[in-house]
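Should a chain be cited, it is by its letter among A, B, C, D, E and F, assigned in written order, with residues numbered from 1 in that chain.
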Amino acid sequence: MSQTSGKPFRRLLLTGAAGNLGKQLRAKLAEWADIVRVSDIVPISDAAAHEEAMQVDLAERAAVHALLEGVDALVHLGGVSVEAPFDDILQANILGLYNVYSAAQKQGVKRIVYASSNHAVGFHPVTEVLDIDAPHRPDGMYGISKCFGEDLSRYYFDRFGLETVCLRIGSSFEQPKNPRMMVTYLSYRDFVELVRCSLFTNRVGHAIIYGVSNNPTLWVDNTKAAFLGFRPQDSSAEFAGRFPATAPDPQMDDWTQRFQGGPFVLMGPMEPKA
Amino acid sequence: MSQTSGKPFRRLLLTGAAGNLGKQLRAKLAEWADIVRVSDIVPISDAAAHEEAMQVDLAERAAVHALLEGVDALVHLGGVSVEAPFDDILQANILGLYNVYSAAQKQGVKRIVYASSNHAVGFHPVTEVLDIDAPHRPDGMYGISKCFGEDLSRYYFDRFGLETVCLRIGSSFEQPKNPRMMVTYLSYRDFVELVRCSLFTNRVGHAIIYGVSNNPTLWVDNTKAAFLGFRPQDSSAEFAGRFPATAPDPQMDDWTQRFQGGPFVLMGPMEPKA
Amino acid sequence: MSQTSGKPFRRLLLTGAAGNLGKQLRAKLAEWADIVRVSDIVPISDAAAHEEAMQVDLAERAAVHALLEGVDALVHLGGVSVEAPFDDILQANILGLYNVYSAAQKQGVKRIVYASSNHAVGFHPVTEVLDIDAPHRPDGMYGISKCFGEDLSRYYFDRFGLETVCLRIGSSFEQPKNPRMMVTYLSYRDFVELVRCSLFTNRVGHAIIYGVSNNPTLWVDNTKAAFLGFRPQDSSAEFAGRFPATAPDPQMDDWTQRFQGGPFVLMGPMEPKA
Amino acid sequence: MSQTSGKPFRRLLLTGAAGNLGKQLRAKLAEWADIVRVSDIVPISDAAAHEEAMQVDLAERAAVHALLEGVDALVHLGGVSVEAPFDDILQANILGLYNVYSAAQKQGVKRIVYASSNHAVGFHPVTEVLDIDAPHRPDGMYGISKCFGEDLSRYYFDRFGLETVCLRIGSSFEQPKNPRMMVTYLSYRDFVELVRCSLFTNRVGHAIIYGVSNNPTLWVDNTKAAFLGFRPQDSSAEFAGRFPATAPDPQMDDWTQRFQGGPFVLMGPMEPKA
Amino acid sequence: MSQTSGKPFRRLLLTGAAGNLGKQLRAKLAEWADIVRVSDIVPISDAAAHEEAMQVDLAERAAVHALLEGVDALVHLGGVSVEAPFDDILQANILGLYNVYSAAQKQGVKRIVYASSNHAVGFHPVTEVLDIDAPHRPDGMYGISKCFGEDLSRYYFDRFGLETVCLRIGSSFEQPKNPRMMVTYLSYRDFVELVRCSLFTNRVGHAIIYGVSNNPTLWVDNTKAAFLGFRPQDSSAEFAGRFPATAPDPQMDDWTQRFQGGPFVLMGPMEPKA
Amino acid sequence: MSQTSGKPFRRLLLTGAAGNLGKQLRAKLAEWADIVRVSDIVPISDAAAHEEAMQVDLAERAAVHALLEGVDALVHLGGVSVEAPFDDILQANILGLYNVYSAAQKQGVKRIVYASSNHAVGFHPVTEVLDIDAPHRPDGMYGISKCFGEDLSRYYFDRFGLETVCLRIGSSFEQPKNPRMMVTYLSYRDFVELVRCSLFTNRVGHAIIYGVSNNPTLWVDNTKAAFLGFRPQDSSAEFAGRFPATAPDPQMDDWTQRFQGGPFVLMGPMEPKA
């Protein structure tokens, strides 16, 4: 990997670049790579000089193989990022992900930073603290597709040495939108730092890490992922006044309060769109 | 569930009924249910009086919903049972399995006995003994689809209370065909007993169990699945003379000897058929 | 401990000697001790020549101290052995047990074999296999008193070196009385053997062991108690025909089927007797 | 729970309100509830306008049932809080605690914050760091009663959904009084914060957490209780000069130095008072 | 490895061939290898036709390198096998073992079966059951040298792929000589079978296994070593009458009864011989 | 231990006093002891008034016994501290260490702070976080000698109560010298603090702790050693600019990047010096 520009990477690929989190990364990636290839299923019209914009449906294999050409490493945010009918998930997150990995392996890509989700373990109760070895407990079709991604990427590492960091991202928004997000909040700044650690740590193997800021209350524990060097700087404590304290909800049967996945646990499986 | 016949089940469904293991079960199921619905992707022409034969492609949703109608419980052996191109796996084992579970849930089926596989954990080395909590280490697309099935069925239990026993079947043949199968051998008799335990244990929740006979050498440990009551009666020791002792193979880089999945670990991903 | 008779013990004490299990032990104890002191809250009228019968209410401290005088070791089956109103449990199993241990410690008794119960862990689900380190999950007041006994005896060992083996006895009857007891059955012969191991193993420290025969289905695992040498010889398999196979009960909310404690989990807390 | 005042709770109950820690909480509770019921075995003469003072002996069942009427949640500091003769412990901490829980369950109380103690695990050596799953090792009758409380409250959660947070409080005083308390110190401010977290976390199930400040040396680890959101702000480091460094004590047989319970490990069982 | 004779190995080396256990193996090794090289520090005068006898002091490096020439695999029983002054242990078991491994690696030997010992873990109490991951707790200089051997062989596997099976041999004699050996007994037949499994299992990596027969009481658990296929056929139960039951010894301070190492725990360190 | 001077220790011994880390400690030790005995294999010519300088070869037993006379506690940095030919390691780190411990035990020394090394576990991959119970994985002869030291000192604690803190020191230099040391860096200040904690914690038993500063990336986790009170104050973050970010090295076979031991993993075993 020659870097005449002095930047660490020659070409980084960002999928899902038009999404909420994709937008947070684009500026930063420019510091790390000469060329940033940005793709999404929707067109990207504001590509900067250092960016190569490509509109790609991940379910189309040939297009994905073209997308991966010449790429050093990949931040994969693309695909469906909420609960959705299974058929949609199947195309974007299962077939689509296979396309991404098989293309990456063929093209010699060395590392993928993969947006997994806390919904891969969303059916664990809120009264447990999960470490990175916690068993899968998906809370819907979306969560199941993230379990699939973690298992698929494990295979590509065991078989081909293609490294992946699976980010089990919590709630990455400008600010927490409800009391649950006080626990799952990941600030944009911490999200970008998490991607930086995932790209630059010398060896990562096949790693799993929770994407949460240093919030007062936590349902997850990243101790075993300390080799990635992620030290969140932000905390939802800053928004403490936003959701005034109330007596605990006495309805023990409200599963959206009982499980870490929150409202997702009741959403699936959705009916296919007509 | 009224059982005027005195048999425990009114109607059991067996998918993959035309396959190797399906054939082992058909006679036995007649003892347990008034009606045995047998299905496969190929036609079944020899249905007995108590059997309802249906030819179904699991990828066809409406057909699968029809297949599950009126079923008390299901032994699901259907789908692709060897390493295959991803697209084939996707149809039969991923889309097909989703169809089975969504139909089962809609139809009020109470339990599914699911043929998972030791290939869900085939990238663990042969020098480790796996208990039922061992992390997924799929050894190919087939193994990945079995991980998917274990995660999907976990969801259907957590969300809807639909119980599944995942059988991580080893090598179930008339007899071991090579030295590796001396370790992974599951006799037909023990296979049938394993299905019996899975169907009749009063509560199983979402369970995982290895399908191996009581072979002298074992790579797996079912201690934590003792609540299923499976006590294998056979052993590959009976075939001990078949593969004479040889000095250990000195080629440390032979992955088919190094990992539990054996030859599967090098097969995938296969190219799609032309 | 001089044993001029050649028997290992000079004087053994058996409490609860008039109960179901006490009766199983009396003959055997005669082989192990010159004198067998037998006590119960009801009178024992059939004392043999080698037996010293004492009628004692465990809640009466002075009587208990007298009971323990001159005793080498003790098999403590006394107290309430079923779910009961808390006040009854408090007298017999909490105050009574304190009286036994404080007297034993004062009298220099070296070892107590204590009848704990699987109801100390009865709120674990039937889909888990418990080893001897499983956390307490009592299923009623009786179970709570057994947790108390395990903790109290731990203290007496840590503080004074007074050894105890806590027997988490399952269902020790002539034969299993219902399907649940097919799992929890402890034959009388295995019960006696378990007491023998507990009395004669040279060092036991503070030990916990499940009292179950080698039944086909098991919810518990004694691997970590192998230092006690208990190898059950019987199995509920012998009674397999007694409870014909039925399809699993579909009522997921039936706690008596869901938890290891069975009917106990719904019994407590009982109202005090008028 | 209607809160016309805007305060989260309508009525909170504080037992042991006249004690050292009770006094720390009274002012704070006024911020969280319209009415604070304060009780103790001794009379409370300084009740504020928002306080309902009740003098109650916990061993008196009817009085305890009256005490719990109309209560939303309870901070239970009452009972014996030091090593004492068993009979005293039995009345206040065992019978008394049963009375509290059976009344709370009958009255529909939703949550109890229970003052357990590090003496429930005091017979662990000072060279181990205990997480919240560490097995019980009580160091006296007081510690045994706290084990009883943890087990009893577990039952009430498993059976009735009545939630409890068990606070294994270390040494909560104005400041550490000896070198051991440099490790076990819990500042008053951190104590109040711990109660706040225990009352306001939306779901707690049955939780255990150590009550210690962020002291330089720690024998306990609250990682698995991170879902409670307790982040201590104080540290015994502030008192570092108070106990000058000395060479370690060479007397290996001094149990008060060897076990976490300190002087408690040698106190019990005390003789009943004449 | 061409085997014109049809025997699996061309040349096996047995060190310590003149010792008690060495003698048990010599006849058996003839079945497995064309040539059996037998060595000891004392002369071996009864070499059979298929045997090459060599008298070697393991501390002499050049001699050890000559000893390893042309060897396929090695059963290493040589060195000091009882507690001894450190200087003797240092020569035979530390320097000597280094010589063996560095020579084996240079000569391309593929596997070593190494006689470790239960004295590597002898300071664990008799009230615990150790699995193969139990931490080292050596009970003397001999035990420390066995820990050294396990660590050294681990290095040679991690660094060079040279495989070792460490046999933590208990008490392998004609029959148990005292009550402790009823627990640690390894029959000669089971010892030979254990070596057979260690030599012929296709891959062993760096393995640890306890060498005990299927005795009624066990302090160790080989579950995690099931990949080696060792199923003991004998049991000390056969000698049950030899050591009549006695009441447990009340002397809690007798360390030879308290720890698994038995009398070894008090032997070391011995003074050097004059 | 009378301390008329008011200093905690009468006489502390520092071995390896002429080395890099020894020099960091000498000034500090003067604050803790009236007399500081400083020794090395090279002469120490700059002894201060409170220092007793002794030139000692650790392999010479009589000299080591003299060295330990009158010593309260010992910081043992002496011996070979890099990878070296086995014979050199054998003399200094194995025979030498035995001499130190046997002399310490004879002289009644109460505690040893022992410089172990992360090379005792250097063959663990950089993608794992090791706690203090991680199994030995030495990465060379030096690492093996440190495993030996940890096992030997364990014995001396179990047998004689002689306490040791094993410091698995990472890279303690003025500053990190390469990217790997950004992870393993231990500042001099934190090193001194670690020794202080190890000397002054009242009871340590046989403890293991990693010697690393609070670096952004960590391969180790000291949670279970929190009883030692070590809170590092420094971090390699201060040197972050020194090693600019580069894309991860794609050579998966570079073991110096793959294992925690770094370059050590390829060094051994070295040939003896001519």
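The rule is simple: a contact is a pair of C-beta atoms (placed from the backbone, for glycine too) under 8 Å apart; a residue touches a chain by one contact, two chains touch by 3 or more.
Heads up on the chains, UniProt names are A, B, C, D, E, F = NAD-dependent dehydratase.
Keep in mind the model is a prediction, meaning the values are calculated, not measured.
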item: Between subunit A and its twin subunit E, rotation from the CA superposition, multiple of 5 degrees; value: 180
item: Whole-Å gap between the CA centroids of subunit D and subunit E; value: 53
item: Length of the line joining the C-alpha centres of subunit B and subunit C, rounded to whole Å; value: 41
item: Set of subunit B residues in contact with two or more other chains; value: 223
item: Chain contact topology (line, ring, star, complete or other); value: other
item: All touching chain pairs, where touch follows the definition stated at the start; value: A-B, A-D, A-F, B-C, B-E, C-D, C-E, D-F, E-F
item: Complex interface listing, subunit B residues touching subunit C; value: 1, 3, 8-9, 32, 72-73, 110-111, 161, 163, 199-205, 207, 223-229, 231
item: Subunit E residues touching subunit F - in the complex, by the definition given at the top; value: 86, 90, 94-95, 98, 102, 123, 133, 135-140, 143-144, 147-148, 151-152, 154-155, 158-159, 265, 268-269
item: Subunit B - residues contacting subunit E, complex; value: 125-129, 179, 183, 216-219, 221, 223, 245-250, 252, 257-258
